[in-house]
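Read from first to last, the chains carry the letters A, B, C, D, E and F; within each, the first residue is number 1.
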Amino acid sequence: MKGKGYRLLETTFLAEEIEYTGSELRSHFVREKAGIAGDGVIAFLGGCRVAGAHLVDLEDVEEQHEIVAKQMLHFIGEHFQCSLREGNVRLRLLASIVKETLEAMSSGIAVTRDGDDLFVNDRKLTVAICTASPLSLLFHLGVNVNPSGAPVSAVGLKKFDIDAKEFGFAVLERYERECESIERALRKVRGVS
Amino acid sequence: MKGKGYRLLETTFLAEEIEYTGSELRSHFVREKAGIAGDGVIAFLGGCRVAGAHLVDLEDVEEQHEIVAKQMLHFIGEHFQCSLREGNVRLRLLASIVKETLEAMSSGIAVTRDGDDLFVNDRKLTVAICTASPLSLLFHLGVNVNPSGAPVSAVGLKKFDIDAKEFGFAVLERYERECESIERALRKVRGVS
Amino acid sequence: MKGKGYRLLETTFLAEEIEYTGSELRSHFVREKAGIAGDGVIAFLGGCRVAGAHLVDLEDVEEQHEIVAKQMLHFIGEHFQCSLREGNVRLRLLASIVKETLEAMSSGIAVTRDGDDLFVNDRKLTVAICTASPLSLLFHLGVNVNPSGAPVSAVGLKKFDIDAKEFGFAVLERYERECESIERALRKVRGVS
Amino acid sequence: MKGKGYRLLETTFLAEEIEYTGSELRSHFVREKAGIAGDGVIAFLGGCRVAGAHLVDLEDVEEQHEIVAKQMLHFIGEHFQCSLREGNVRLRLLASIVKETLEAMSSGIAVTRDGDDLFVNDRKLTVAICTASPLSLLFHLGVNVNPSGAPVSAVGLKKFDIDAKEFGFAVLERYERECESIERALRKVRGVS
Amino acid sequence: MKGKGYRLLETTFLAEEIEYTGSELRSHFVREKAGIAGDGVIAFLGGCRVAGAHLVDLEDVEEQHEIVAKQMLHFIGEHFQCSLREGNVRLRLLASIVKETLEAMSSGIAVTRDGDDLFVNDRKLTVAICTASPLSLLFHLGVNVNPSGAPVSAVGLKKFDIDAKEFGFAVLERYERECESIERALRKVRGVS
Amino acid sequence: MKGKGYRLLETTFLAEEIEYTGSELRSHFVREKAGIAGDGVIAFLGGCRVAGAHLVDLEDVEEQHEIVAKQMLHFIGEHFQCSLREGNVRLRLLASIVKETLEAMSSGIAVTRDGDDLFVNDRKLTVAICTASPLSLLFHLGVNVNPSGAPVSAVGLKKFDIDAKEFGFAVLERYERECESIERALRKVRGVS
């Protein structure tokens, strides 16, 4: 698809805005939108409204939640040959990266993480889910920019005067480096008895 | 081994101090010391001096590093049926947990993470490595308490008036909850197309 | 979902009767009915009538079988991160447990096992199948209570004056212990050359 | 190695007697003795004396057990590309087969199974262990013929007037069929949602 | 299904002609047509016309390709418990076998391979794709016999006076031996440090 | 280790000559010699003399073979997170690449492949083996340059006036592209039912 050399994981920040409805969490959406031939993560801005059959999280279904926000910074990732267990560990690491990036860009904010969820002063900053298609591991992590409409107490990047685009680029860049350094790390050790 | 019901992952803070020389990073050390029958993580206090053949990290070997500290809070973990890739993602999540616990116990400290390494004001707080025995995944994460002797600019928990034992219990408790919630998370989602 | 500590595998005997039609062999049915957050096995009583598109076993489809019984003790299990090969070995072990439980509760019965099928005096006692959803391993094992309507020579628990509920609890308890002891067993051995 | 067509799993009853000391539980012992090119299980007769460094089971090491019997019917199996978890499930299935074969050859004997151990009237009939070499899954299951010297209350095939050789052939034949039928079973099902 | 002993992989050349439309690349088509109970590869003759929703290769979809030929020699394979990565390596090996068989049957032809595609004098000889069903790995490799209708410059077996049936038998036989010898190869080596 | 972006697989042709004795087939030899941080394949020139304990192939051990050649073009590859089964399929694909490269560089040579062995006019051109260290998959493929000393009828690149270095570069380049295109291929397909 691309002339350049093959890389393990590629990331792209999409120019267009897309409203996230849940149907975007499908295999090859990343490829479709960004022409990525390897594993990939895309970021884009847009509203969020997930309900009914598009809810992937059974806890949400059981408790009849809706996921709503006026504007979010969305990350959708797709890893191939990756188990659902490993994918969930990766998603939490991505949540840590979002936390770290926020702290780096706005000193003094205290972000707390509970699994794959982030909070600022007990107000919800993110939504996240990890699932699988028959051929790949998929995750969505949405960071509120403007949380209007959220069914819970929420907060967004706008509140902290953070530019969502700059923020998104920083997160993509960190996750890409993280994934590469994991590949390096597993190849640089002696085994033990 | 134990009368109580079987749990996926168990953690123990050892009463005894143990100097970490690298030879402790072996299969069944966790079982030996804590009688844990499942996956497990132990924490203990003790000096650190790893050199020569006990260095597992080939970058350290290539650059002839030694790992030294007068007093560290050590974590050794063992997961069975876990790949080296997943293990490295887990270790970084544990590093995030150490960072989060430090922030929670001493407000105002800014900890930065680079892969599995943590820093405070560019001074190294931790050492970490993940490898495998023929039957399991093993990791060591050491948090400086008193970094005297470290070959690089380093800092320890003592500097921040943090009780290493209390800190260790908090980290163990968070990692245990994290592992459980990962197991829950992978069982609560619908697949997608 | 539950206040108690996370356990690897949970089992529940459902109070309600459910007719088994084959559509129950789906991901998250165990969670739906029993609120189990880990791997799980449920037992319940009810009729059995599986035909046409709900037949999962292609040998049944090819030979135009139907699976019918007036009353069965059903077991439905769901394991995550488990291969179809391992799942089939587990199902045969569960069949062995059903055999052993029957022998323990009614001395003198000779039960023979052929793969995942059990027989008493050449009369069929059970039906069993193991398959996968995109996210999990699933199995069904049905023990005849009253085999009326079965298209082959069959026999049920009623014939042996065995209380199906008591029997079901015993099987669930044994399978749960078996799964736990397998986890223990794989963590207690030295590797060999 | 052999002229005949390749088969998934082969079994051989060795003509020679071999004393089992634990060192036989190693990769390619099955190949060495029986020239098997696939997965394989061999059976042979011989004494048993395992102690010290050859004990693979850490529970035995911790409790300073020895494994001793004057004459045993030994089974050593090697599966390639098989996890330690699946291997332990397989070993328990083999234990079930030993139980079933004993019941078939000597009506009226009540054999009970606890994990991979078999008992007759609370006397130990078997020893068993499953471990891994770097390239394969290995197990040993020993059935007492003459249990003299055993450190626990034990019983052997001799007591039931069972010919150990005939018994061994029957077990090998059943395990071979079981493994084949597992392969068939995982290829004959529709997936579910 | 079959009286004969179980074999790892079976192959069959179908007597009937079948037009390949893409819908044949589904789980259990091999079983349906050839009654194969293990992994299997079937060969058959027939036209080829794949378009729209039956295109599995997203590069074809993106570039609005159609796959057309008047007569092809088709191979459809199904491996269970096989990853998509391993499956793609296998498909390229099968392409190599097709190349080698052609060279053996018609001396002087120079066939070049680019991934899973074969060319003679820059004219396309084959089409190939590897994908997965929820339960298995599936591939299709079509060798042009009469390439009429192909949207690119193409060539077929007819041009080289090669009997497609004889050719198909030879390829099936070589792939079967290759798969068996891979199984042998992974069981005949010492591990290294 | 390297300034440039991380790549999945890297290859290097070593400037130094190294005699291959078998001990080079070990984890991290590729890293040691070429500083490769990912998966890697190195090529180098040198004699070959493998005997006794360094023979990894048990068929060679059983038949008391030695592997000897005055000058070979050696390839040593290391893949992490790769099974022994997939590794053996990869090695055969590499053998196909060696065959194809030879055909491309010297028109009219007919090379035949039998598993991972190549022959020209029934004379052996290559030796090959695939094994595993506890942390990785390793293979060696040696192409005779000057086969003097070989215990079987053999032939080398010198005979065909092929420059071994140029040849080695071409093979490395093709294998690298092959591995990349396999990664692309498994990410560009729709799943099927």
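The definition used in the following text is that a residue touches a chain if its C-beta (ideal position, glycine included) is under 8 Å from a C-beta of that chain, and two chains touch if they have at least 3 such contacts.
Small disclaimer: the values here were computed from a predicted structure and weren't measured.
Novice: Give me the chains shared as neighbours by chain C and chain D.
Specialist: Touching chain C as well as chain D, we find B, E.
Novice: Give me the fewest steps it takes to get from chain A to chain E if each step has to go to a chain it touches.
Specialist: 1
Novice: What rotation angle, rounded to the nearest 5 degrees, superposes the C-alpha atoms of chain B onto those of its identical copy chain C?
Specialist: Rounded to the nearest 5 degrees, it is 180.
Novice: Between copies chain E and chain F, are the contact residues mostly the same numbers or mostly different, with half as the line?
Specialist: same
Novice: Decide which interface, A-F or B-F, involves more C-beta pairs in contact, and give its chain pair.
Specialist: The greater number of contacts lies at A-F.
Novice: Quick one: report the Å distance separating chain D from chain F, using the average Cα coordinate of each chain.
Specialist: Once rounded, the distance between the two centres reads 39 Å.
Novice: Measuring from the mean C-alpha position of chain A to the mean C-alpha position of chain B, what distance in angstrom results?
Specialist: 26
Novice: Averaging only over C-alpha atoms, locate the centres of chain A and chain D and give their separation in whole Å.
Specialist: 49
Novice: Enumerate the residues of chain F that touch no fewer than two other chains.
Specialist: Chain F, residues with two or more chain partners: 1, 27-28, 31, 58-59, 80-81, 83-85, 131-135, 183, 186, 188-191.
Novice: So how do the chains connect up here, line, ring, star, complete, or something else (other)?
Specialist: Its topology fits none of the listed shapes; call it other.
Novice: Going by the touch rule stated at the top, which chains touch which?
Specialist: Every pair of chains in contact is listed here: A-B, A-C, A-E, A-F, B-C, B-D, B-F, C-D, C-E, D-E, D-F, E-F.
Novice: Enumerate the contact residues on chain C facing chain A in the complex.
Specialist: 1, 28, 31, 80-81, 134-135
Novice: Which of the residues in chain E come into contact with chain A in the complex?
Specialist: Checking each residue of chain E against chain A gives 58-59, 83-85, 131-134.
Novice: Within their complex, state which residues of chain E touch chain F.
Specialist: Touch list, chain E to chain F: 25-27, 55-59, 83-90, 92-93, 96, 100, 103-104, 107, 110, 112-113, 115-116, 129-134, 138, 178, 181-183, 185-186, 188-193.
Novice: State the interface residues of chain A toward chain F in the complex, per the touch definition above.
Specialist: Residues 1, 5-8, 27-28, 31, 37-39, 80-81, 133-136, 180, 183-184, 186-191.
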